[in-house]
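Alright, structures below, take your time with them.
First subunit A sits with subunit B, and in the next complex the same chain sits with subunit C.
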Partner chain A sequence: MDHFLPLLSLGLKRRSKDFFVLFYSIVFPMIVILLLGYLSSKSYGNVLSSYHYYAIVTVPFCSLMAVSTVSYATQDEKMANTSLRFLTAPITKVELILSKLFSCAIVLSLCNVVTLGAAKLLFQMDFKGNFFNIIILLTAETFMVSGIGVYLGLAFKNLNAVRNFLNLPLCIFGFLGGAFFPIGSLNPIFAGIINTSPLTWVNRGIVSSIYDNNAQILWTVTIIFVLIGVIFTGLTILFFKKEAFK
Partner chain B sequence: MSTCIVFTNNFKRGLSNKVTFLITAFIPIVVIILGICANYFSQPSFNIGLLNSEQSDVSQKVVQSLKDTKGIQVGFASSSTLQTDLITGKFTAVVDFSGEEGHFTLLSSKNESVTKELEQLINRYMADPVSIIDINSLQETSLGIPQRTMAFIVMVLMLTSTVTASIMIKDKNTGTFTRFLYSPQKVATYIVGNILYNFTISYIQFVIAILMISLFRVDIGIHYYNLLLMGIWVSALATAFGTCIASLFKKEMYANLFSSCIALVLSLIGGTFVAVDRMPTLLTYISVISPTRWVIEATTYMEKGHLWFSTPKYISILTLFILIFAIIAIISNKKGARK
Partner chain C sequence: MSNAVLEVKNLHKQYEGKAVVDGISFEINAGDIIGFIGPNGAGKSTSINLISTIVEFDQGNVMYLGREIRRHEKDYKKALGIVPQDLAIYEDLNAYDNVKFFCSLYNIKGNQLKEKVKEALEFVGLWDRRKELPAKFSGGMKRRLNIACAIAHSPKLLIMDEPTVGIDPQSRNNIMEAVLRLNKEGTTIIYTSHYMEEVETLCNRIVLMDKGVIVEDLDKQVYKSKYAAQGLHSLEEIFLHLTGTDLRDMEV
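Coming up: the complex of A and B.
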C-alpha cells in the first residue's frame, strides 16, 4: 500500500479543484433548498419550516445523485489518455480502487458538511444535538455512493449505456423519499414502493432523531450503507481488470 | 440534403451498437409509462392518523365518516414516531380522541389554514356523522392527473434528449465535427440534422408510451389525438433543450448532470410540485420563463375539452421556446467552430 497515499492525495486535489463537483454538491443543493423552501413556505406550520424540511431532504438526495459524478471521476485517466501510465506503474488495483473511493468519499462528505452547516446557519435550524450523528449518516451514504460509483466506473460493463440514465432512477428514489414534497401512503402496496427508496429511510432516520428523539433508524441505516459500500468495493476489487482501465 | 445525411448518419452510428441503442431507446419509454401509471393511481389524499386505538362511540362514528370521505384515508399512528410520520408525510394530521367525550386534539405539520379546516371537518362530523363532506377545497395543489403526467413527461424527455444529443459532444471530442466543418457545410445544417434525429427518437418514445397506456386503457384525462399532437411540440421542446445543453458543454458528464439540474429547476418553477396560482407572487412572474408552466397550462386547456389547434397561444409559446433553444445551440456551436 506504498502508493495508496500519493494516489489518494492526487485524487483529493483533483476532486477538490473540480468546479463541477463543488457546484453539484454545495451550490445546487442550496439553490434547491431555497427554491423549494420559498415555493412551499406557506404550506408549513409551527413544527418546522419549509426551509428546514428541504434542508433535511435535499442534502441526502444530492449525495445520492453523486453516483454519476463518481462514476465519471473514476474514468479521469481514461478521458485524459493517461491510463497507460497507471498500467505500467507498480500500482496494485486495490491501491487504485481505494484511492478513488476514499478521495471521492472524503470530498463529497466535506461538501455535505459545508451544505448542512450553511443551512443550519442560514435557516437557524436546531438539530437538537444530532448534527454530528446526521453527518455520520451522510458520510456513510457518501461512502456507499462512492462504492457504487467506483464499481460502475471501473468494473461494470456497458457503463456508457447505463450511466446516461442513472439520473432517472435516482430522481425516482428522490421523489419516493420525499425530496420534492412529503409523500406517504396508507395503501400497503404504495407504502412498500415508497420504502424501496433508500432516501425514505435516510429522511426518516434524520427526522426521527431530531423530532422524536429516536436515533435507531439513523444508526441502522448508517450500518447498512457502510456494508453496501464495502460490498461494492469488494466487487470492484474482484471484477476490475487493469487492462480494461485503458 | 446535407441535413438528411447528418440525420441518417446518426441513425447508422446509433444502430452500430444495437445493445446501447436499444437501452437508450427503451428505458425512457419504461420510465414514462411508470410515471404515467404512478400519476394515474396516486390520487391526492389526506392521511389521518388515530393516536388511540380505543375510542368512544362518538369518535368511532367520526372515524367512520372520515373513512367514507373521498380523499381521506385513516390509519393508526404511534406516539413514538408521531413527529416523524407527520413531517415525512405518512400522515397529514394525527387526531387523539382520548380526552373528554366530544373533544379531540389535532396535530399537524401543515399550515394553520389546513389544520383549522381539518378541525372544522371533524367538528362537523361530530355534530352530524351521517352527511359526508366534499373536501376538495383542502387540496393544496390544483394540479390534476393530466397536468402532473405531462410535466413528468416533459422532464423525462428533457433528460433523455440531452443524453441523445451528447452525440454532438462526442463528435467535437473525436474531431468529427471539425471534419464536418472542413466540408462546404454550415453549422446550422449539422445542428438541424442532429435535432431531427433527436426529435425522431423522442417522438417515437412518446408515441410508444402513449400507445402502451392506451392499450392498458389508462385514461389520463386528455384525448389521445390531442396527446399525440401535443407530443410533437413537447418532443421538439425537449429535443431543442437537449441540443442546447449539449452545445454549451464540452464534456458529456457536465451536459448530463447540468441538464438534470436545469430540468428540475424549470419543473419546480413551472408549477410541477406547487401550482402556479399557489406560488408566491414573485415566483409566479419568474415561472413565465419555464416551458413546463406552458405545457401544464396547455394541458389544463385541453382537459376542458378543447382541441390542440383551437388556440394558437400555447403553440406559439412552445414554438418560441424551441426556436430560442435551437438558436442558442447554433450560436454556441458557431463560436466553438471559430475557436
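Coming up: the complex of A and C.
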C-alpha cells in the first residue's frame, strides 16, 4: 500500500473542490430543507418541526443520490486523460480502488457533518445526545454509496446506460423513505414496499434514536450499510476493468 | 550476450476477431532511440499500449532485461515512463503539483521527491512557472509539462507517443533537444511520430509498422543505404514507398 496515501491525498483534494459534491451535498439539501420546511411548517408541531423533519430525511436522501457523483468521480482520470499514467505506474488496483472509495466517502461525510451541523444551528435541532451516532450512520451510508458508485464507475460495463435511469430508483427510495413528505400505511403490502427503501430504515433509525431513545435500528442499519459497502468494494476489486478506467 | 533492454516476441492482439497486432517481434538495446513509425491504423498505438502494459496481449511475450514483464510487472513499471499522445495532466493542479503527484506514484518521498520534481521541471524549462496552472500555459508548455510528469521518476525506458503534436517549431525544437539530452543521460527511448524529419533527426533505429506487422526494422544508416539505390533518400520517401500512398482514413 505504498501508493495509497498520494492517491488518497489527490482524491481528497479534487473531491473537496468538486462543485457537484459541494453543491448537491451542502447547498442543495439546505435549499430543500428551507423550502419544504417552510411550505409544510403548519402541518408540524413544536417538538418535531417541519424543518427538523426535512433535515432528518433530506441529508440521507442527498447522500444516497451521491451514487451518481461518485461514479463520475471514478472517471476523473478518464476525463483528464491521466489514466494511462496510472495504468503504467507501479500502483495496484486495490490501492486505486480504495483511494477512490475513501476520498469520496470522507468528503461526502464531511459535507453531511456541515449540513447537519448547519441545520442544528439554524433550526435549533435537539438531537438529544445522538448527533455523533447519526453522523456515524450517515458516514456508513456514504461508505456504502461510495462503494456502489466506485463499482459502477470502475467495474460495470454499461455505466452510461445505468446513469440514465439511476436517479429513478433512487427517487423511488426517497419517496418511500419519506424524503418528500411523511409516508406510512396500515396496508401490509404497501408497508412492505416502504420497508424496501434503505432510506425508510435510516429515517426510522434517526427518529427512534432521537425521540424514543432507542438506537437499535440505527446501529443495525449502520452495520448493514458497512457490509454492503465492503461487498461492493470486493466486487470492484474482483471485476475491475482497465478498459473502464482508460 | 544480448544487449537488449526490451525484447518483444511474436506479439499478437485481436479486437473483435481482427488482428490489430499480428506477431510483431523486435529488440531495443540500451541507449537506443527507436523511431516507431507507421501510417494511421498500422497498429503502432496498440503495440505501444501492449508494451506499456495498458492493454494485455493475446499471445507472445515482452521481456525487460531478460525478465517477462507479466511476471515482474511492478519492477518493469518502475523503470517505465510514458509520454502519452494526449496531454495527461490535471488542469486544476499547478505544474509543480502535477509533477509531484505523478512522481509520488513511484514511491519517491520527502526530499528526494522534491529534488526529482525540481530536476524534471528545470529539465523542461518550467521551474519558474511551477506555481501556475496548466490552463495558463501555451500548447508547447503543456507538452513540456507532459514530458516532465513522465521523466521525474528517472525512467530507464521512456515511451514517447507523438510528443510534438500541434506545437510551434520553437517548442518542437526544445522537445527534440530534451529527447537527445535524456538519451545522453542513459534513457532508452521509443519515439513515435508522423513527422519523418523528427524521427530522422532523433532516432538511431527505425521500426516501420503497417497493417499489424513490422515491415522494416533497420539501423537508420542501413535504411538509407538500402533504399538509396532505388532513388529514395529521405525517410518520408522510404515510408511512402513501403506503405503506399493510399489514404488510410478508413482503417483508423
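What we mean here is this: the second predicted complex is superposed on the first by the 244 of 246 C-alpha atoms of A that agree within 3 Å, B and C clash if a C-alpha of one lies under 4 Å from a C-alpha of the other, contacts with A are read in each partner's own complex, and residues count from 1 in each chain.
By definition in this document, a contact is a pair of C-beta atoms (placed from the backbone, for glycine too) under 8 Å apart; a residue touches a chain by one contact, two chains touch by 3 or more.
Source: prediction; values computed, not measured.
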Simultaneous placement of subunit C and subunit B on subunit A, clash or fit: fit
Touching partner for A:D212 - first (subunit B), second (subunit C), both, neither: first
Which of subunit B and subunit C A:K128 touches, first, second, both or neither: neither
In the superposition, subunit B vs subunit C on subunit A residues touched: B
First, second, both or neither for A:T82, with subunit B first and subunit C second: second
Which superposed partner A:V162 touches (first subunit B, second subunit C, both, neither): first
Partner chain in contact with A:I183 - subunit B first, subunit C second, else both or neither: first
C-alpha centroid angle, subunit C to subunit B via subunit A, nearest 10°: 110
Which superposed partner A:K242 touches (first subunit B, second subunit C, both, neither): second
Per-pair minimum CA distance [subunit C against subunit B, superposed on A] in Å: 14
Contacting residues of subunit B [partner subunit A, same complex]: 19-20, 23-24, 27-28, 31, 34, 41-42, 47, 73-75, 80-91, 108-112, 114-115, 140, 156, 159-160, 163, 166, 251-254, 256-257, 260-261, 264-265, 268-269, 273-274, 278-280, 283
Residue ranges of subunit C in contact with subunit A within the complex: 52-56, 73-75, 77-78, 80-82, 84, 86-93, 101-102, 104-107, 149-150
Residues of subunit A that touch subunit C when the two form their complex: 2-3, 6-7, 10, 13-14, 17, 80-91, 242, 246
Parts of subunit A lying in touch with subunit B, wherever the complex brings them together: 20, 24, 28, 31-32, 35-36, 38-45, 47-48, 53, 65, 68-69, 72, 79, 158, 160-165, 167-168, 171-172, 178, 180-187, 190, 200, 203-204, 207-208, 211-212, 214
